[in-house]
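Each of the next two complexes has chain A plus one more chain, namely chain B in the first and chain C in the second.
Now for the complex of A and B:
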């Protein structure tokens, strides 16, 4: 790129910086508000960690439950999604394309509809309605397409057929090829998909608001509760706790999805 | 591919297919049946078009989703292309900051809007200092629009940047040497090259603005968008049949828009991130 700095460059830079401010200023404000003694007075009232501590004692269980669901959700999407992606990558016909299309539906259909469907179908099944597993079902449906697509994208960029043909001619069986050749080669896709699944599960609200019960409040449900009923410092401190958990995941996600093609250049 | 492989492939697809059918397709079919089992019968599905209250919320939801999509594409298109074309100190940091809110949940985005335009927000403070008037916009349709813009910009910028990197600079060079000004180059070279990416990203913006409801839930329960109406029907009115019918209509519209965008952009884009 030539270092030609025209007026248009500065105008566009200013515009982009304004967009950036739009996105980042509220994050910074809420982080500051969560540590301000009295937000109405402003930061002159002094900085404190009291709000964060209050949130931690009152809402710790929501953090624990959300992490538990996110990890269980990751395990489910790995077991269900990676093999499914492999099948879709190996066979390309009308049937697998239809399967691919169907698998994306839980993302296209609003979470409210999926949650309602689950409630009217399984709401009466013993204790399932009151269990955290009910939320898990919704999260798995919603995140599975992301795992499948992420793994599928990497599988499409490597020549699986040739690799497997080579292994097969050397006498490797199906399981040996799947675990020895396929999985190691799609590692970048599996890592990116996993980070995506955990991040989405931690933040899922559209379905969870209907699926949860007073016994199973997740982090976003607790956040909504705090925003609605508590003072702005508490809501901000709670958001701060959420950021501390999620932002490292997001940064890792950015890293994992940036350098492409490492799987291909083996 | 031998017979043994075929069996193994079918066995690998089976778990995902079973979960999907049992927990998604069957429940949705049941929801569809319930939508027609209320006091209105199957005409509940027509109520969204016939009854002014529902029709009005459908119209405002679609209008909001369209406005969000157009604004997001314009802002992200300009910034995304700019960031790909120019290298300057701090550029990587800027990109990282622009994509930070990726995957913030709707409730948190609602709170970010309150931080910007709520009663004690930044914008009312600034306008108070400048014009002596507090512009509080968070608890209305405008707040929801700002929230969806906030939600959609990061992922759209990423999509635009990925597509803009693939534009061959020689085409633009050729247009320039043939005498095309900057505006014509944008109109005739850049926008057509970005078309598939813009369709893909726009479809996601639209689908999100149609179906998401965490942001609306945080801002105000009075905002009259379809997801809020469904939630109210279900929880406050305990009208499961109407809620089912409305969410089915909402899902069908969203899905149709995604499918149309996919065929228009000519690739399987669906929900990328």
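Now for the complex of A and C:
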């Protein structure tokens, strides 16, 4: 016999479900709107995939560009952020602490301000302003602190110094211990950071709105465009497309972050 | 990347106990940290090939710094030299010193299995897989951890981790084995067990070993010689017997084992104090005497040198520990093996043989 649940349990369950509904219902409504023939009539007008198809034909390039930027951004933050976190973790002095604080600046400063600064500074550099790389620079600037912080947190928790001293005593040079010991043991931080970077880059709007050109609209910019200039069903269908892309990506990254099982340990 | 086979890692066919090791010689090694604190005063230390030297001292005495200088994890202040045999290794980083090291926290690699950990030193040296497997198997067998080979290190108990750390350190056949408080993180019973294990290992490998500890029992059990350290310098180096029976100064006497101390006044060749008097050995004119708890005997009142009362009495099975109050000064501790009990308040009459009396000089504490 299972023990009877108390009234408090049911009250808490109801509250939890209410909060979940508060978060989930608008998303579901939006996705449903994207498949409704006429939003103002409601779902009685019938369901259709026409809007989704329209989005796919008209805005497919924004999806591709967003994924391209997200992946490039991840590559940049990995190459820049992981070594940066390593240095910050291994050398704690006034300078590294200052760098750590400075790194958070692009998160604290409004994206529009950062974008304006980038345009003022680099806007005149050849074709950079017209290239998708210009958006990439903004995204890297914005997401780098998330990678650094996440990796740094793991590095601080595993007594990196002693692990490395152990590896050194066994004859391992810098490259051997960095790739063989440091990186594998920071895996949870690297995966968590990657998750943040990819999702933030995919959804970034503030900065991208100013950084993009008509030739380089990303998914969120396209979404804003669709909502602003087309039928609400199209904008909603766009949201649906966004979800279909992002959710499997998140699930895959979450899976990758799980610790390896006993069987896979060798 | 990989060291050429022949620096000890390629000797797969040789007998397991061939590593032997190299002599270690420290000359004028001091260490001042960047913030200006002196961890180690200019220190000389000699460890013969195959010998085990224990660095013993309280925390902050410089013993770990000394070990790290031997290891190559710290470099001595300019002027200090570290030699392995005839080779000056002062400028050689730890990666190329070929030493095995066991850390207090073990520093096992969480991303690798037990096998992966033991194998690591062989892999970075580029040893061939066949040889490597044979060596790992040999090490796991030697430390009796074969059934754990495929476990992850977070699935091991403290004692098992310690064995893995030892196996990992000796697998590449290092020139010297350096252990930094390897048993401190374990509970008392396990510590005892592993102490025996380490002793067996060091005897069978006959490898040059520097062992750091603050536990004098560990030092006594494992050391061919003990270097007692205090205030960033070596106070005395000697065999466990020498350190125990002929301490260089009051600090060593007190730190190594339990020591009774009686303060009084000198009257000719006699030390007088509230409970009685003791004849001092010839040539010692310091107004105190020290002796070990096991050297205090209970005697008939007529033969007593001094008397006091029992303050407390602990029956510990193989012996009884009696605390004796002389009426003034610190109480004395006696280790008695007689069977009849004593009760607090009982009068006791004591004697100490003259040869058991120690009158070492006071410890010269140096201002930091």
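In the analysis below, the second predicted complex is superposed on the first by the 230 of 266 C-alpha atoms of A that agree within 3 Å, B and C clash if a C-alpha of one lies under 4 Å from a C-alpha of the other, contacts with A are read in each partner's own complex, and residues count from 1 in each chain.
As a working rule, contacts are C-beta pairs under 8 Å (C-beta built on N, C-alpha and C of every residue); 3 or more make two chains touch, one makes a residue touch a chain.
Keep in mind that what you see is a predicted model, and the values were worked out from it rather than measured.
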Clash-or-fit label for the pair chain B, chain C on chain A: fit
Partner chain(s) touched by A:172 [first = chain B, second = chain C, both, neither]: second
Touched partner set for A:106, first chain B, second chain C, both or neither: first
Touching partner for A:9 - first (chain B), second (chain C), both, neither: first
Touched partner set for A:117, first chain B, second chain C, both or neither: first
Contacts of A:159 with chain B and chain C, given as first, second, both or neither: second
Chain B versus chain C, judged by how many residues of chain A each one touches: B
After fitting on chain A: smallest Cα gap, chain B-chain C, Å: 7
Common interface residues of chain A - those touching chain B in one complex and chain C in the other: none
Chain B - residues contacting chain A, complex: 4-5, 8-10, 12-13, 15-17, 19-20, 23-28, 30-31, 34, 75, 78-79, 82-83, 85-88, 94, 96-108, 110-116, 120, 122, 150, 153-154, 182, 207, 210-214, 217-218, 227, 230-231, 234, 240, 243-244, 247-248, 250-251, 254-255, 258, 268, 270-273
Sites on chain A touched by chain B in the complex: 1, 8-9, 12-13, 15-17, 19-20, 22-27, 29-30, 33, 39-40, 79-81, 83-84, 86-87, 90-91, 99-100, 102-114, 116-118, 120-122, 137, 140-141, 144-146, 148-149, 174, 196, 199-200, 202-206, 209-210, 220, 223-224, 227-228, 232, 235-236, 239, 242, 246-247, 250-251, 253-254
Chain C residues within the chain A interface of the complex: 1, 3, 71, 73, 93-96, 98-101, 103, 105, 107-111, 113, 115-116, 120-121, 124-125, 150, 152, 168-169, 172, 178
Chain A residues touching chain C - in the complex, by the definition given at the top: 158-159, 162-163, 165-173, 175-176, 180-181, 184-185, 187, 262, 265-266
